[in-house]
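This is the structure I want to talk about, given as structure tokens.
Order of writing sets the chain letters: A, B, C, D, E and F. Residues in each chain are counted from 1.
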Amino acid sequence: MKAATEEVLVRLDGHDPDYHAVVDFLVREAELLDERRWRDWLGMLADDLSYEMPVRVTRAHSLEGSTLPDMDHFREDRFTLQKRVERLETEYAWTEDPPSRTRHFVTNVRVYRAESGELVARSYLLLFRSRGDVREPEWVCAERTDRLRRTEAGLRLVRRVVVVDESVLRTQNLAIFL
Amino acid sequence: MRQDGWLDWVVAEVREGWIPAAVYSDPAVFGVEVERVFARAWLFLAHESEIPEPGDYVVRRMVHDSFIVVRDEHGQVRVLANVCRHRGMQVCRAERGNASHFRCPYHGWTYRNTGDLVGVPFHEDAYGGGAHFPKSEFGLLAPPRVASYNGLIFASLDPQAPTLEDYLGGFRYYLDFYTRQSPDGPEFHGPQRWRVRANWKIGAENFCGDTYHTPYTHQSIAEIGLFGEHRATKRKEGAVYFADRGGGTTYKLPPGSFAERLRYVGYPDEMIERMAQTWSAEQRSLVEEAGFMVSAATLFPNLSFVHNWPRVREGGPPVPFVSVRLWQPVGPQETEVYSWFVVDRQAPEEFKRDSYRSYLLSFGTSGMFEQDDVENWTSITTVAGGWWSGRIRLHNRMGLSQNGAMLREPLRGWPGPGRAFQGFGEYNQRAFLELWCRYLEGVREEVPV
Amino acid sequence: MRQDGWLDWVVAEVREGWIPAAVYSDPAVFGVEVERVFARAWLFLAHESEIPEPGDYVVRRMVHDSFIVVRDEHGQVRVLANVCRHRGMQVCRAERGNASHFRCPYHGWTYRNTGDLVGVPFHEDAYGGGAHFPKSEFGLLAPPRVASYNGLIFASLDPQAPTLEDYLGGFRYYLDFYTRQSPDGPEFHGPQRWRVRANWKIGAENFCGDTYHTPYTHQSIAEIGLFGEHRATKRKEGAVYFADRGGGTTYKLPPGSFAERLRYVGYPDEMIERMAQTWSAEQRSLVEEAGFMVSAATLFPNLSFVHNWPRVREGGPPVPFVSVRLWQPVGPQETEVYSWFVVDRQAPEEFKRDSYRSYLLSFGTSGMFEQDDVENWTSITTVAGGWWSGRIRLHNRMGLSQNGAMLREPLRGWPGPGRAFQGFGEYNQRAFLELWCRYLEGVREEVPV
Amino acid sequence: MRQDGWLDWVVAEVREGWIPAAVYSDPAVFGVEVERVFARAWLFLAHESEIPEPGDYVVRRMVHDSFIVVRDEHGQVRVLANVCRHRGMQVCRAERGNASHFRCPYHGWTYRNTGDLVGVPFHEDAYGGGAHFPKSEFGLLAPPRVASYNGLIFASLDPQAPTLEDYLGGFRYYLDFYTRQSPDGPEFHGPQRWRVRANWKIGAENFCGDTYHTPYTHQSIAEIGLFGEHRATKRKEGAVYFADRGGGTTYKLPPGSFAERLRYVGYPDEMIERMAQTWSAEQRSLVEEAGFMVSAATLFPNLSFVHNWPRVREGGPPVPFVSVRLWQPVGPQETEVYSWFVVDRQAPEEFKRDSYRSYLLSFGTSGMFEQDDVENWTSITTVAGGWWSGRIRLHNRMGLSQNGAMLREPLRGWPGPGRAFQGFGEYNQRAFLELWCRYLEGVREEVPV
Amino acid sequence: MKAATEEVLVRLDGHDPDYHAVVDFLVREAELLDERRWRDWLGMLADDLSYEMPVRVTRAHSLEGSTLPDMDHFREDRFTLQKRVERLETEYAWTEDPPSRTRHFVTNVRVYRAESGELVARSYLLLFRSRGDVREPEWVCAERTDRLRRTEAGLRLVRRVVVVDESVLRTQNLAIFL
Amino acid sequence: MKAATEEVLVRLDGHDPDYHAVVDFLVREAELLDERRWRDWLGMLADDLSYEMPVRVTRAHSLEGSTLPDMDHFREDRFTLQKRVERLETEYAWTEDPPSRTRHFVTNVRVYRAESGELVARSYLLLFRSRGDVREPEWVCAERTDRLRRTEAGLRLVRRVVVVDESVLRTQNLAIFL
């Protein structure tokens, strides 16, 4: 399998310690996001992080070109994610007050080792979002391709590309992270 | 559900500045809007920059009617109903792409991207050939009216609609600030699309004149130091204008020349240069003499614009961006938002990058401004759905005295068309809803506000 | 869909004891119910024990209208429309909490928890100050009528509604058994809330008088030895009563004194003591002389009560519990159930624990009684949605002879208000639906049954 | 939404061969269809082979009305309304099974599988016994009319409906090809059931006469070499027929005897033998003289048939299969499809296996023909929902001249009832919609086409 | 991470045998529940089991206090669960006759070892419930925190706390187990 | 646990290499299906494959007999699957043009070794399907029981039985694979 970059990636099988480290990383991340512990979550990100979620479109014949090259739902770096977190921490982030009750279901994890020693993880994400008592719950489905770097402090997310499955999102906004 | 005369009562109350909440949720009101507003007004479909090459197309809706906006083989932009003339199949099911022909999957009728029907299997056997079935009469339909301004493609389903020029009227003056910063005009990127449980009018009203919500709704943005302008005083000094079918809000700029003031909001000199050359003297003077910079705006019924200039990096300078957004109704309580990032074609690459970043931070699905706006709109829509709450008359009288007189004079010496006011007031929301009332009453002709 | 006169026909049939199934699913019927029943009757919102401290609030609905039930800074309970007087934003989006003020997120208008509007940004600039915009006129609205009984807070959207006392009428006598077992009254816990695809009336009818369903619908409970009372004979010996706006069912108690009979259903002596002191002689005699113990009941239109005493541990004694439940309509075929566990404030901790356990086993989302009830109600609602089935006249004539005469005399010497019958019969379902017919006809005043 | 007279206009246009697209999506049109078409026509429920043993039952719907189709203890097939005569509970909540009695879970009324009410708890106490409540009057209801043909069980909710024989009329001749290939008749397997966002009429029209779509819609099947017949020329040589309440399409067979021609489509000799003995001379001559083989067909309003013969293994011979399908309306824009695999009872096991395989490859949830058909129908339904597109008049005039005259003569010497045409033309779609118009107008009696 | 009790919990990584034992336990449990093999399921529970599912409410600002202390959907012990199972085994449990077709999707499993040697497992649960042919299917999303005890017979569930994501359940009842 | 055949199956725990091999197989398969790489997918199937998806029905009292013996949504062998793939590869498979955006969420994997040495895997499948921009997304939930054979080229699917959870599918068709 090849990531965005053309380098060769080696698939890790299920008893490779790195496989478990990555699964552990993704599951812990989901826990932090669902518990709204954003500071801790920021701690899992590399300083040179790139966090991308391109817009999906419906094209004829195939899935080729079904992500827009020039429009994203997210195209973040540490600064912008930091600002988003700071905002959510204010008393005025109305759209998450009251907060959503989210559940990030992570499945179908595939882990690869890059020549650079970095790890590449692809996973499926099913996000459930419930808010208040009257609104119907909302769903977001996507595949994430993550690049993880080893540091003494543990793995750090260097790049994430979220490919969402809908061209028209059925959720009020992305005041949450995927 | 509704007794007769109810709509008349609604219209009368709205004109007094009292909005029965039900207008933001009632299915009967929505039914009338579909027939009298959306079937008669000029509606935005796409921008020419979205379909640069012959054969390029995007598929867009007017409420639930699907149209293909395509640049035909001769380079002409066309709007074609996405409905096969035989049995009504959608001849195009993608959202965008490039095609010389649209072939219907049901029975294979084939249309050129001009809309002409060029292929009918067994034309002779099945239809008796041209004598009995002239293909020329069965091309893809087009909406009764199609026209464009600054590359923005509009259509109307009403054959009697005024010309687009007349429809836009004085609002064109303001439209240029968003979509004509150079002779080349803008490029549209996107749109992001998502569905929100809000009535389409609430966002349209907000963008056309609600300067009053900024300090509080968007307080979080200030707290994190991304944006100073939203400060209440800054907002208060701004002016709101309304001209014919549209209106908007502005910010008051600090003293300085035309260039200094545009630099202040973050435009690089080369762009300022082009603006100076592109805009008319009257337009320049809005910045130069009057000292106002356009911000949010709405063109009746459901197209909005925003121009804003937050910081995009720690301690960095403001970076302006423009976004165009469509409030596409899905039903009385649901709207599909289309949000484009818009930037001048000739802008330097680096500016485009930063301006895009500025947009993403502020508007669209993940935009920190938009998120809190939409939260208000969905909640209002929910409330409006109650039997009793729907009868509550909401307050749309800011800027009016107890007896309905103006608390403040229109701005004198305003360089642009229409009427402008400085300071807080629901002048434009009233003007917008007056248009809405006129359409509900079936009046088509130009509406002085 | 519906030809004129259809509703008149429905009402006429219902009065004969023949219920056209469509009343449990038809959107037009529901539309009329919203306007004539739910906009006119007294509806339950909350119990004072849910908001003990100043500032405590819960948000509740009347169909789709949202209200804040709050104990204000002076300790007074208030019901405030959850609708900002400016543009209709929900000023409170939580379900419960504590707040001294409600500040609207849209433009920052601020209301004290008394409902008073105390903050309007730029009151002077935007609204011309008090002269043109007296804040006192723009406090949060309250429903036309609010009152409470035994701490149960009710409201009515009808200014002409009778007083709550008159509305409850004789039913108050019975209400006390559930909600006044001591001078301190009850504490409400919960509610559990969930949505079921059933029409709101079916549960209301069932609780007010359907003793006949217990033996069969709830047979599984007997099989597992949790509950003996439901045995058919036990049920048959019970009486059903209806007084003014409500009615209910009872069980016949074995011989014994007031205390012995309450001990029999599982009350500890200290609670029995308090009941003896708290209830009137007439109320005590229902237990003491007549020998009946209240079970399920319904107050028109959609508030029900249940009192029951299953075992909560192997071979253990029965443990009584009280639950109050609201059948909140969402639509003709969907209802949101609110189910509270209710227990006397002064009850011993251990009793409260066991009684809660008894409740959870029996009612609410996981209650083994409720599960089978709701299954019947959702299925009936589905059936009623058929074009042909909706016209079937369901049978509501149990206890009537072929020609409509009473098969049985009302109980003589019944100590409580209203009319009571012993044995099986749809007396109360008819009484409940008679009220429904009156409201559909627009009659408001006290209804003798 | 709809001005009066709109429906008259629709009917008039449809009769001219111009179909306002809204008929495929409008809720008001659907409301009328429920009352005038589905409440009056004969509707298919099940086949006797689905319930071979006494007590066997399946539960089926007529739009939203639920019925139990059961073979009672005496072996007689009955159709019982799945509605308890007491309070309307569904007495049977399974989809199929075997039962001697249906016991209502709410209050325990018990019905024999004949529909007779045999058990009423506390009949005496609660109802005054037989004197006041004769059980005989409260058996499960049956639709006004029930009848069957070739084991296909139909019912009508209209007491004045013509007899099933008269209703089917000449279509019976064609029905036999699908459901009477031997004296034993067919066995039905399934159905597969799934919901599609399409209006029910589109599929019904397609099956009754749309030979024109095959070459293009199903081109993929040819590409992969599974099926030759669909080739345009083959299709064109086929004839379409319409007789009374139904019509269908055929393929032209190559020269040969009766047996050779049936061998050509893949039937084994022993089955051909039985067909020869079972079918009338007139029926045989359709194959033998005229040389046509039945393919798709529709019986008004919503029962379709298909007979086709793709390859089921590499380079293998064609294997014929029969499928019966019901377009069960859920709403104006949604249909539940029931698709059965049908095969003659006496067919050899190996043939049954291969024919089933042939069916699964072609029709049903995973059928490669059906998939592309449904895609067209859902897209048309979506388009038809637009305010403007709904007013587009779709073209249903294939085979007519400009002025509405027939381009082609009916086939002379057609051995079957009704009228037949060779070559492409929307003859049958017009005949089908003419029936639809008659029913909308409230006409019941036999309809000559 | 800390459970309800304040004891310290040690996170187990993905190649710890106990991690697999716990995942296996949860997946087997889901299988038993979806196959309606309740007796076998009861066999997986400790005698002193506590099975809790508090009611969720929407509060301002944060998720603090979003579970009610005094109202639950479930607050069971072995006796009450036993009774519920017995009931489902009668011929009169109408609400599950015909039975629901359920699917307990278990993901995001995190396992911890307590000082006591007991295991603590947190997992995400996505419950799909289909019944009959006409009703729309229903969903329940939740996080479960389980305490598991080692016995010679294998792991036994000592305590479960189900935190559901909706304050108003969109399912007809809880005649099922989570 | 016993499969269709009556042979005895031995449950593999989570650190058995075969367990990981099977999980890997299922996750890779999901990836291929969601990326519409059908040829690669066919490569994972044995030549004597049997691929079955019986129709589900609602019966009284229990789940017994809730799959029809004589009607399926799929009853495929290599030839028919091959043909389905060939069809999807033509330019005329309208129902998948534009293509669905699918996501096969695979969870609750249980692996068993048969005496024959073949592996049996049971897993839960949650399929999300989004198409175009106007239609609401669709869901299919099911359990799959797979039989896998070892070959030098790796595992090959010998038999799959998909037990879907709905008796009336809420998806337009099965122009996809589960």
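Quick note on the criterion: contacts are C-beta pairs under 8 Å (C-beta built on N, C-alpha and C of every residue); 3 or more make two chains touch, one makes a residue touch a chain.
Values in this document were obtained by computation on a predicted structure and should not be read as measured data.
Asks: Give me the set of chains touching chain C intersected with the set touching chain F.
Replies: Joint contacts, listed by label: A, B, D, E.
Asks: Find out how few touching-chain steps suffice to connect chain B with chain E.
Replies: The least step count works out to 2.
Asks: Between chain A and chain E, which partner chains are common?
Replies: Shared contacts of chain A and chain E: C, F.
Asks: Where chain E and chain F touch, do the two copies share over half of their residue numbers, giving same, or under half, giving different?
Replies: different
Asks: Pick the pair from C-E, D-F or B-F whose contact list overlaps the A-C contact list by over half.
Replies: Answer for the repeat of A-C: B-F.
Asks: Go through A-C and D-F and name the pair with more C-beta contacts between its chains.
Replies: D-F
Asks: Taking each chain's centre as its mean C-alpha position, how far apart are chain B and chain C in Å?
Replies: Chain centroid spacing, chain B to chain C, equals 48 Å.
Asks: Hey, how far is the Cα centre of chain A from the one of chain B, in Å?
Replies: 32
Asks: Centroid of chain A to centroid of chain F, CA atoms only: how many Å?
Replies: Each chain's C-alpha centroid was found; their separation is 27 Å.
Asks: At which residue positions does chain D touch at least two other chains?
Replies: 93-95, 105, 193, 216-217, 372, 375-376, 382, in rising order.
Asks: For chain A, what residues touch not just one other chain but two or more?
Replies: 15, 58-60, 92, 94, 97-98, 105, 107, 126, 132-134, 167-168, 170
Asks: Touching pairs of chains, all of them, please.
Replies: A-B, A-C, A-E, A-F, B-C, B-D, B-F, C-D, C-E, D-E, D-F, E-F
Asks: In the complex formed with chain C, which residues of chain E make contact?
Replies: On the chain E side, the touching residues are 53, 55, 57-60, 68, 70-76, 79-80, 83-84, 86-87, 90-95, 134-135, 167-175.
Asks: Residues of chain B touching chain F in their complex?
Replies: 93-95, 105, 193
Asks: Using the touch rule from the top, collect the residues of chain A that touch chain F in their complex.
Replies: Residues of chain A touching chain F: 13-15, 56, 58-63, 66, 105, 107-110, 122, 124, 126, 139, 141-143, 165-168, 170.
Asks: Note which residues of chain B are touching chain C in the complex, please.
Replies: Residue list for chain B touching chain C: 1, 21, 24, 212-213, 215-217, 232, 236, 372, 375-376, 379-380, 382-389, 392, 394-396, 398-402, 407, 423-425.
Asks: Show me the residue ranges of chain B that touch chain D in the complex, using the header's touch definition.
Replies: The contact residues of chain B facing chain D are 31, 34-35, 38-39, 62-66, 81-83, 85-90, 93, 105-108, 121-122, 125-128, 131-133, 138, 141, 143, 157.
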